[in-house]
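Note that chain A is present in both complexes that follow, paired respectively with chain B and with chain C.
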Partner chain A sequence: MKPLSSLRDGIGFDLALVGAALLFLLALAGLPLVYNVLMSFQKVDMFTLNALIRPFAGFQNYIDVYRQPEFWMVARNTLIFVFFSILGQFTIGFALAVFFGQDFPGAKVIRGLFLVSWVMPGLVVGAIWSWILAGDFGVLNSILRGIGLIDAPLFWKSDPSLSIWAVVIANIWLGVAFNMLLLSVGLAAIPRDLYEAAELDGANAWQRFCTITLPMMRSTVGAVLALGMIATLQQFDLFPALTEGGPANSSNVAQYWSWQMSFKLYDFAKGATISVMLFVLVLIASIVYVRSTRHEVRG
Partner chain B sequence: MTRRAANWSLLLALILAAFYLFPLYWMYVTSLKSNSEIYANPPTFWPLHPDFTIYPDVWIRKSMPVFMKNSLIIASGVTAVTVLLGTGCAYVLARYRSVWIDIGLFFVLMLQVLPASVMITPLFVGFNQIGLLNFPRLAVVLATAAKSMPFFVVLVRATFMSVPRELEESALVDGNSRVGAFFFIVLPLARNGILVCAILTFMQAFGEYIYSKSIIQDPLFQPASVGLSAFLGPNSSDWSSIMAYSAIYVTPILAIFVILQRRIVSGLTSGALK
Partner chain C sequence: MKFSKIGLLACAALGAIGVAHTASAEDVTLKVWSIDGRDRPGLADTFSKEFSDMDNGIKIEYRMIAFDDIVNETLRAFATGNAPDIVSVDNPDFALFSSRGAMLDITDRVAKSDIIKTDNFFPGPLNSVTWDGKLYGIPKYTDTIAVFYNKDLFKKAGIDHPPVTWEEFAADAEKLTDPANHVYGATFSARAGEEGTFQFLPIIQMSGGSFKKVNTEGAVQTLELWKKMIDNGWASKDVLTLGQWDSTGTFNSGNAAMAVSGNWEIDRMLDDAKFDWGVALLPTLTEGGDRSSALGGFDWGIMSGTKHPDEAFKALEYFDSQAKRLYSEFGYIPPRSDIKLASSGNERKDAAIAKFLEQLKYAQPRGPHPEWQKISKAIYDAEQAALTGQMSAKDALDQAQATIETIVN
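On to the complex of A and B.
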């Protein structure tokens, strides 16, 4: 009866609760990840797709991926997509967080409304932006022309020099709210009397921002930037909705390329290889994230 | 802040919100426009002859009942699996402090960062090998639950940390078993937090796309996201239908969000950074 009573009343209870979840995650996230790395070193084609043991390919898949003519373009696009998405989301999000951090009636409710961009299905967000960014009849071009910024319509989705920016714009819109929310949490944690003391000492708003807000927000900013990078590398739905990576891969990024390899070209080995490369990028971001939340993890 | 300044801030806040939410407005406006009005240049910012028949029309023509039903089934399944398995895990991770708990938490945090596009290739091949692709909706539910559970655990853990430990301890002193204390003391106190996180999980799963697109081949089992993608792409042109479809798809989610906005935001702010 000992195991049973432990299950009801002792450490067994905790182990059962945590074990069930961890086993599930291990089976459906941990194992596939390992399997993915394994596949990137194997020859996988339609004939060996169902086989458990496949011929070993060494680094051949990695060399093949690297030799793809679009490799550097995709790498460049991935960097542009990540860097400028984060830049936009973070700066706009920070500005909004500072603004909504002021105490005025309705601040919290209106700030909350911004979060609808985050709860909407990514594919719908992509569809809406696809229509806004349309070349001939898109409303963004009309507005830009109306205020005199451009003379001729910009073909956001079909012009190879603009297509990646179409996805970046949509992704910034999608992510601003979540950035703002997390930064608001950090801002709210700064003691008010610090600002009052600085104000008495004659510091202006900009000085207060640089000497109090920024240093006090260091760990939050680190976490938000890392989470932004992770979320941007996870972003997938906007690509099929907006540009499908085109034209001619000019807006393709690693996460979409990997999917195209597996599910459009049925080259599962290359798909797995690209996603291993992508995972290395994610790993770097998560190390930053875990480091900046480490003291909070212990609660 | 003076009253005058507060009023100006409120006005500015409303303008910013209107600006930010314009894409949403544009979706609804476009869906109500006639085909000639859609291609008017310059565009009209208010539909001249709003046509509401587009909604029942798209609902039938794009066989939305099937898609929406599948989205509902998949999202419910994901939520059920996530809540059933994730709640207990979050509770244990919130209750103790030890090296093992840190390791467990680190493991969960790491799984939170895995992109779906990294996971989909091995999941597809693995599911294919064990025959799970013959049950495509179940396969999607399992894959998506594994994706949403880490975030759920992190958020619900914050909820459990705010339940006073003393209440549970005194229940144990009074002769309750651990099981009894968990189900009758701790869970009821954390109920609201768990509910909000469950709804968040549901909303995310309702919009899930990549797993469904890759795993489910038969249109009878596909969710609304895949149904939408079928007539979307660089060369799409039927914009009023696309926007009407999108509007039907997101309006339930938006309604839930607006109703529960305050709880959702406070649930996120208390847990998301921890």
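On to the complex of A and C.
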């Protein structure tokens, strides 16, 4: 009965648990990933989509994707989208977290209300922002006109120099609540007496923020940024709802482009190729995330 | 608790009786997939049910699939051997199936049929189900685009007839534009998608080009004209993102004096538009110049994997035999030139539909080409690049031409 007992409370139990998790990961994440990478090196058409053995294409798909006239524009948009979405979500989220961290009546209730944006599906958020950002009869333009910032309406979704920003704005709005939530938790974990001691020593609010809050929040911030990057690279729903990547690809990003290739143009090989390229980026973000949380476990 | 259990049992028993009743052992069951019947009875579900209810030994199992999914879903089913017997798809997608042997060649069956006559169909829709000289399906219904114009605003601006050429269209748009009252001269759809191509391809065709030859001089000039209209505010910048339904919405609310759109808008316009309106043929490049128009609509096809080709063909014959009801019951234009549409009793609607039927004579299909979606993307990308000023109209269309040549050759 030795193996059984070791399964129950010895090293065998640990291995079984880890093994189950690994098997699960392999089946649900590993296989599709391998399939996707494989597909990016094959010639795929609609009628061989379900076969595993297809003609080998080498790096041709990668070269083809790179040679698409919109490649650089999509790459630029993806960077803009990720960087400014995270910048916006994080700074506003942090500011709100600090603000609602102060004890004032109703703070918790109002903070809860912010989560509404987080609960809403991306497609709904996209539809709402689509109305807000509409050129001729949009709310945002009316407000901007009302306070005298602009005299002619801005065509957020149709002006190629603005379209990517339309999606960025909507995405920031969508992500602020999530950032605020995580950062609030991090803030709550900082012992109050640190602040009291600092206050007694004569540190002002700004000094307390820089010397206590920021250093204590390091691991949380790392995790939030990494998760933010992953979520932003995953963000898809806003694109079909707002701009469909247009006009003329001026708001197209890698994740939407990959979908367009696969399910609009039925060029599954190129779609897979773009998603593999994107995967490399997500991998980097994941490494940052894992590293930042590892710090947490040790500390 | 007990009550609901009995209820459940009763339901199950009833269900079993239902199944036993409708599918007797020798009945053949056909799977039919289409997009109709989501929020109200549509053509495919209604006809399928009627055909199924006839005592002919053939039952139809109808499945509704959303417009955006039907091609993907059918391809996947075909690849795994679970394809339906009959499917209907948007006409530019049809070649994708017929060119790859996914649709059954029905040339001989149609030649022998007493019901389906190829001569009855409009040439455009018929062309979309033809590949390599063979017939792979039959047109289901058709539609096309023309110009809707607001007669009240035209009168106010002192214009006595709808525009004949695109030059005139732009000139009229300038006169009709009234920023103080939020009125644009014209609206159309130049969206980054099939709708963009749908509205721009006719320009290429009427200038002597085709989907294989897009950089014609006439197309360049008209694109420049459209850009001028947008730049000068005679048309909203939002035409770049508006679909046809939304774009025509601004016409219905009186915020645009002209709209390029299709006959599917007529019923909504009768309800929404609180002014006198009419329909004119799409303008041409020069007075009396070549006409063209976009061809929309769906096609029926029997999938090549079917085990019951004879029964499936009978179903198609039934669907085609009911074409007379398309307009009166479902608001679609039959794809057949031999069917005269009955008067609806509404003068404005009848005048509009008559204009669309005239326009339909000039409608040309998109493609057919198995890689239509890529060709279409090259076209709407070029249109958008030019209209946003990222490239000159000439460069944009030249680039599209280069892309298209790698696809069609």
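Here is the rule we use: the second predicted complex is superposed on the first by the 265 of 299 C-alpha atoms of A that agree within 3 Å, B and C clash if a C-alpha of one lies under 4 Å from a C-alpha of the other, contacts with A are read in each partner's own complex, and residues count from 1 in each chain.
Methods note: contacts are C-beta pairs under 8 Å (C-beta built on N, C-alpha and C of every residue); 3 or more make two chains touch, one makes a residue touch a chain.
Quick caveat: nothing in here was measured; it's all calculated off a predicted structure.
Colleague: Mind telling me which of the two, chain B or chain C, contacts the most residues of chain A?
Modeller: With both complexes superposed on chain A, more residues of chain A are touched by B.
Colleague: Can A:Glu244 be said to touch chain B (first), chain C (second), both, or neither?
Modeller: both
Colleague: First (chain B), second (chain C), both or neither: which does A:Pro69 touch?
Modeller: second
Colleague: Looking at the overlay, does A:Tyr266 come into contact with chain B only (first), chain C only (second), both, or neither?
Modeller: Only chain C; A:Tyr266 stays clear of chain B.
Colleague: Thinking of the overlay built on chain A, is A:Gly135 touched by chain B (first), by chain C (second), by both, or by neither?
Modeller: second
Colleague: Going by the contact rule set out at the top, does A:Gln255 touch chain B (first), chain C (second), both, or neither?
Modeller: Touch status of A:Gln255: first partner only.
Colleague: In the superposed arrangement, does A:Phe155 touch chain B (first), chain C (second), both or neither?
Modeller: So A:Phe155 only meets chain C here.
Colleague: Touching A:Leu87 in the superposition: chain B (first), chain C (second), both, neither?
Modeller: neither
Colleague: Return first, second, both or neither, reflecting whether A:Leu79 touches chain B, chain C, both chains, or no partner chain.
Modeller: Neither partner.
Colleague: Would you tell me the residues on chain A in contact with chain B in one complex that are also in contact with chain C in the other?
Modeller: Residues 49-50, 134, 136, 157-158, 243-244, 246-247, 263, which sit in both footprints.
Colleague: Which of the residues in chain C come into contact with chain A in the complex?
Modeller: Contact set of chain C toward chain A: 71-72, 75-76, 78-80, 96, 100, 102, 182, 191-193, 236-241, 250, 255, 373-374, 377, 381, 384-385, 387-390, 399, 403.
Colleague: Show which residues of chain A lie in contact with chain C when the two form their complex.
Modeller: For this pair, the touching residues of chain A are 46-47, 49-50, 69-70, 134-136, 155, 157-160, 243-250, 263-267.
Colleague: Once bound in the complex, which stretches of chain B touch chain A?
Modeller: 1, 5-7, 9-10, 12-14, 16-17, 20-21, 23-24, 26-27, 30, 38-39, 41-43, 81, 85-86, 88-89, 91-97, 102, 104-111, 113-126, 128-129, 142-143, 145-147, 149-150, 153, 161, 177-179, 182, 200, 203-204, 206-210, 213-214, 224-225, 228-229, 232-234, 236, 239, 242-243, 246, 249-250, 253-254, 257-258, 261-262, 264-265, 268-269, 272-274
Colleague: Quick one: in the complex, what on chain A touches chain B?
Modeller: 8-10, 13-14, 16-18, 20-22, 24-25, 28-33, 35-36, 39, 44, 49-50, 52, 96, 99-100, 102-117, 119-132, 134, 136-137, 139, 142, 146, 157-158, 173, 176, 181-182, 184-186, 220, 223, 230, 233-234, 236-237, 240-244, 246-247, 255-256, 258-259, 262-263, 268, 271-272, 275-276, 278-279, 282, 285-286, 289-290, 293, 296-299
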